[in-house]
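Note that the chains are named A, B, C, D, E and F in the order they appear, and that numbering of residues resets to 1 at the start of each chain.
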Amino acid sequence: MKISARNVLEGKIIAIKKGATTAHVSLDVNGTTVMAAITNEAVDELKLEVGMKAAAVVKSSDVMIAVDE
Amino acid sequence: MKISARNVLEGKIIAIKKGATTAHVSLDVNGTTVMAAITNEAVDELKLEVGMKAAAVVKSSDVMIAVDE
Amino acid sequence: MKISARNVLEGKIIAIKKGATTAHVSLDVNGTTVMAAITNEAVDELKLEVGMKAAAVVKSSDVMIAVDE
Amino acid sequence: MKISARNVLEGKIIAIKKGATTAHVSLDVNGTTVMAAITNEAVDELKLEVGMKAAAVVKSSDVMIAVDE
Amino acid sequence: MKISARNVLEGKIIAIKKGATTAHVSLDVNGTTVMAAITNEAVDELKLEVGMKAAAVVKSSDVMIAVDE
Amino acid sequence: MKISARNVLEGKIIAIKKGATTAHVSLDVNGTTVMAAITNEAVDELKLEVGMKAAAVVKSSDVMIAVDE
């Protein structure tokens, strides 16, 4: 599958915290931590585990820009 | 201002392409390109220019996880 | 690639309208039209064309529920 | 109320799973399952129940396109 | 139609700027300006015009919180 | 930090409800309640408390427009 989302940041899973319905999955991407809030179902279906290679995928329209004042 | 968004990826602006209402701003973040689709107004108000330091800000609920099949 | 997004609706591209930076791509999914607003770059990179099979992908946290009053 | 969101997919609720704050509501839309992650409060206020008719509403800017490689 | 989105901010349209595919619609909500980026098609279908009453609708998962440092 | 998001609605926190991973934070903005679904981590890091001044921040592409039928 190829996807239209412009941002695919490759990294490694460093933490998974499942909640009641929503899980937080943290990746190390070149030394920066990226956190995703996804469904518990997705964690199970993709068999996500700490140490696995994975990518953070973000649609451009969900990215904001910030600058120092 | 401090924001609740968990992902603040610091980088440098490498390209700005304004459309009729929507602009595409690309950052280099540790060698990876991150693209943001924001309003032309925001580009003007923040005085964004190629070469400036800037950060890509993404809410965790807008991050997906992908793995190789 | 397998993605955490829970909604992958398979269909066929019935219209593509490129703007200055943002394109609208419409799919027929079992007789229902689904519209995506994506970047022109994504349209080019994925070589999207009317008549192609494609899927609309949506993260669960971007889906709302509506009921009749 | 009429809304600007381009995608209103009519179906029937087939599952509701409430978490601590976030609920997952699944609809059957013409044989395809569509999952929404919404607040528990919304489930209560809209009195959502399995078997009810409901629609999945998605803004076009939250829809991505995927194609087979 | 009743929708699960928790935030429905009632106001009046004060500006509409159509781009090639994306339009910016600004509302006055109790003296604060709220801007929406929606499709040109939605502007046409809802017959939006400056001076009309309208509401800005936002899903809770798309709202961030910021505090002064 | 200055951010590209066009909507920064200043108000006061009136309720915080933490779930297992996701928290709901409600602000009073000029008499209107605005609800945000953010991570528990963000609530802790920003030291959010009922009674604090805070702003709801929303990207324009996450705002829809609704009108009465």
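The rule is simple: a contact is a pair of C-beta atoms (placed from the backbone, for glycine too) under 8 Å apart; a residue touches a chain by one contact, two chains touch by 3 or more.
Values in this document were obtained by computation on a predicted structure and should not be read as measured data.
If you take chain B and chain F together, the chains in touch with both are A, E. Overlaying the C-alpha trace of chain A on that of chain D calls for a turn of 120°, given as a multiple of 5. More than half of the contact pairs at B-F come back, by residue number, in A-C, the repeat among A-D, A-C or A-B. In this assembly, B is the chain whose CA centroid lies farthest from the centroid of chain D.
For the pair chain C and chain E, the distance between mean C-alpha positions equals 22 Å. Chain B and chain D have CA centres that are 29 Å apart.
The mean-CA centres of chain E and chain F are about 16 angstrom from one another, to the nearest whole unit. Looking at chain C, one finds that residues 1-6, 19-22, 24, 35-39, 41-42, 46, 55, 57, 59-62, 64-68 touch two or more other chains. Taken together, the touching pairs give a contact graph of some other shape, not a line, ring, star or complete one.
Which chains touch which is summed up as A-B, A-C, A-D, A-F, B-C, B-E, B-F, C-D, C-E, D-E, D-F, E-F. Of all residues in chain F, those touching chain A in their complex are 1-5, 19-22, 39, 41, 59, 61.
Taken together, the chain C residues at the contact with chain E in this complex read 17-24, 35, 37, 61-62, 64-69. Of all residues in chain F, those touching chain E in their complex are 3, 5-9, 24-25, 27, 29-32, 34-38, 42, 46, 48, 52-68. Against chain A, the residues of chain C that register as touching in their complex are 1-6, 36-39, 41-43, 45-46, 55, 57, 59-61.
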